[in-house]
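Mind looking over this structure? Questions follow.
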Amino acid sequence: MSILTIFYILAAFTLATGFLTVVSKNPIHSAIYLVLCFFSVAGHYLMFNAQFLSLVHIIVYAGAIMVLILFTIMLMNLNKENEPNKNLLSKISAAIAFGLLGFVMLATFIKTMPIIDTYKQSGQDYQSIKVLGKVLLNEYMVPFEFASVLLLVAMIGAVLLSKKSTSIQ
Amino acid sequence: MSLDTISLSGRKKEVSNKKMSFLESLYIVAIAKGLVITIKHLFRRKVTIKYPEQKREFSPVYRGQHMLKRDELGRENCTACGMCAVACPAEAITMTAAERKKGEENLYREEKYASVYEINMLRCIFCGLCEEACPKDAIYLTESKVIVKSASNREDFIYGKDKLVMPLEMAIKNSKSIN
Amino acid sequence: MDSAIIIEKGIFITVIFAITMLMAMYSTWAERKVAAWLQDRVGPNRAGPLGLFQPLADGLKLFSKEEFMPDTPNKFLFILGPAISMSMALITSAVIPWGDTLEIAGSTVVLQATDIDVALLYVFAVLSTSVYGIMIGGWASNNKYSLMSALRASSQMISYEVAMGLSIIALIMMSGTLSLREMAAQQHGMNWNIFYQPVGFLIFLVCSFAETNRTPFDLAECEAELIGGHHTEYSSMKMGFYLFGEYAAMFISSAILSILYFGAYNYPGMDWMAENAGANIANILGIVVLFVKICFFIFFYMWIRWTIPRFRYDQLMNLGWKMLIPLAIANIVLTGIIIIIADKL
């Protein structure tokens, strides 16, 4: 019962901060709302007893990515005046596109349910870092390595972009 | 010997802009050296003098508050000649002369004396030129061993004879030590 | 949930909170004393014996100062800044094992608020969140110098977090756990991690200096160039919270340094003590040993502060990205090779 109440409070908080992120005019405020949203999502992970995921979520998203986004917003001094006003059509299309994406994700998550069930029946703590590490580096070795290659490519791309802009100057 | 090899302190060091090696650029050796130097200071004698409890000794040539001296019979030396006022570069000294009356021979040594003798301590720079100029050995800056105290009124800094003249007890003590 | 456990943990957390506050308070006193001693002075000695009431006088002074609020677009964020910085400094103490177990009235008391599987990650998560205290405060001050220092501080902290994370990976590979309690237990006796991971320790030490914004990496404050950094617009106890948070963070990071690398509550001859004087006495001695180690590291922080001048900004970034990160990666590779060879033998 109490777990359910916590979930409802957390879910309401997540949705509210997510909504405020989109709605608020000041980019700094919306970034801070997003940080709060990330924290509440980490709370959701904790409710699944996924300690590793929740902490990594905080480290990576709240601790690194959002700091960098805040950093850029502060450096560029974005105000509501110079924010380009988008027309209604693009807003609607964006909403539809994200709705569809959400639908696809929901479908995949429903499909993963049986896999979790098999882990559940095995009786071991499938959220512990030891199990997670073994699964990642044995069963899902190839996707894991591909993810690292993807990150490497992104890194090289970023370096290349910054190098190019200096050579033009 | 050329100019850039002279080292007066003997501790001159040639500065070079050569590129640091990887080990040097980690700064570890340099930091360790610095740490050794600072930890040595931890065990050194502290130089602080805890003032109200502990007072620094006056140097024998310290120049503090002026003192108008008395001779061994307790008579004031000053004859109000005005040499000190003339010598004073800060123009801090003023005085009024008066003639010694009958029966005041035990107070003043000569026929003329200073009835008013004032030093403005805000003007005084404690150079000691009044002491140099005085022909009668009447004014001294090294005798009182007192620092001029701070005050919140300008008037309080004008010291009259009540503060400047040597106290009688001191003169009596001096004459005793001479005898 | 068992109410006895809740009460036990509640008391324990309160005690730890009080100790952290006390240590932070007396760190301010110790800082001034150490600074004075290293410069051949005596330091604060007027308030009470040896100046021991100085922190109280400082606190009173900060409380009685004018509470100044700048013309800022968001007053809430302005107050939130120091609050985050303080709470983030304190929240880490939840996973730190302050000692082994104690037997009190027939029940075993674990001297740790909570023993989670991923304690080390928790520490890093809190660490990476603590940037917001400076950043939000700096931005909400509505002052360009505060903003500049907030940006400097956040970029510095992010850069050094990378090197810090990499330096700790070698240690994790060696110990095979993320739980601080297990890590402490593995360093039983004199089997401290510093003997196996000297390079990792060095990198971690440098990074923890950068993470707590202490000299030589105190570019966030930078009195000379940025007035007072993100403190500029703060006054009264909000300012006090920033300063206090810094000292609390110093205490916590000293605790983590001594737990990760200097054997936590372990000391040579602890088995002998446990046999001859009883487990309780041996474990209480362990707590004392841990606090001695922590105090040494706090002293070390101060020692460094009064020895080395501040790094220039480009030197800071060069050190972080071009020296420490490659060194940390080399350390990981070396540790991996040694672990494989040791397994084969």
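Annotations for the structure displayed:
For clarity, chains are labelled A, B and C in written order, and residue numbers in each chain start from 1.
Operating definition for what follows: a contact is a pair of C-beta atoms (placed from the backbone, for glycine too) under 8 Å apart; a residue touches a chain by one contact, two chains touch by 3 or more.
The UniProt protein names, listed by chain, are A = NADH-quinone oxidoreductase subunit J; B = NADH-quinone oxidoreductase subunit I; C = NADH-quinone oxidoreductase subunit H.
None of these values were measured; they are calculated from a predicted model.
Taken as a contact graph, with one node per protein chain and an edge wherever two chains touch, the assembly forms an open path, each chain linked only to its neighbours along a line. When every chain is reduced to the mean of its CA atoms, the largest separation from subunit C belongs to B. Separating the centre of subunit A from that of subunit C, both taken as means of CA atoms, is a distance of 29 Å. We define each chain's centre as the mean of its Cα atoms; on that basis subunit B and subunit C are separated by 51 Å. Averaging Cα coordinates per chain places subunit A and subunit B 74 Å apart. Residue positions of subunit C in touch with at least two other chains are not found. Within the complex formed with subunit A, the subunit C residues making contact are 73-74, 77, 116-118, 121-122, 124-125, 127-129, 131-132, 135-136, 139, 147, 150-151, 154-155, 158, 161, 178. Across the complex, subunit B is touched by residues 36-42, 45, 202, 303-304, 306-308, 318-319, 323, 327 of subunit C.
In the complex of the two chains, the subunit B residues touching subunit C come out as 22, 25-28, 31, 34-35, 37-39, 41-42, 44-48, 50. Taken in their complex, subunit A has these residues touching subunit C: 26, 28-29, 32, 35, 51-52, 55-56, 58-59, 62-64, 67-68, 70-71, 74-75, 128-129.
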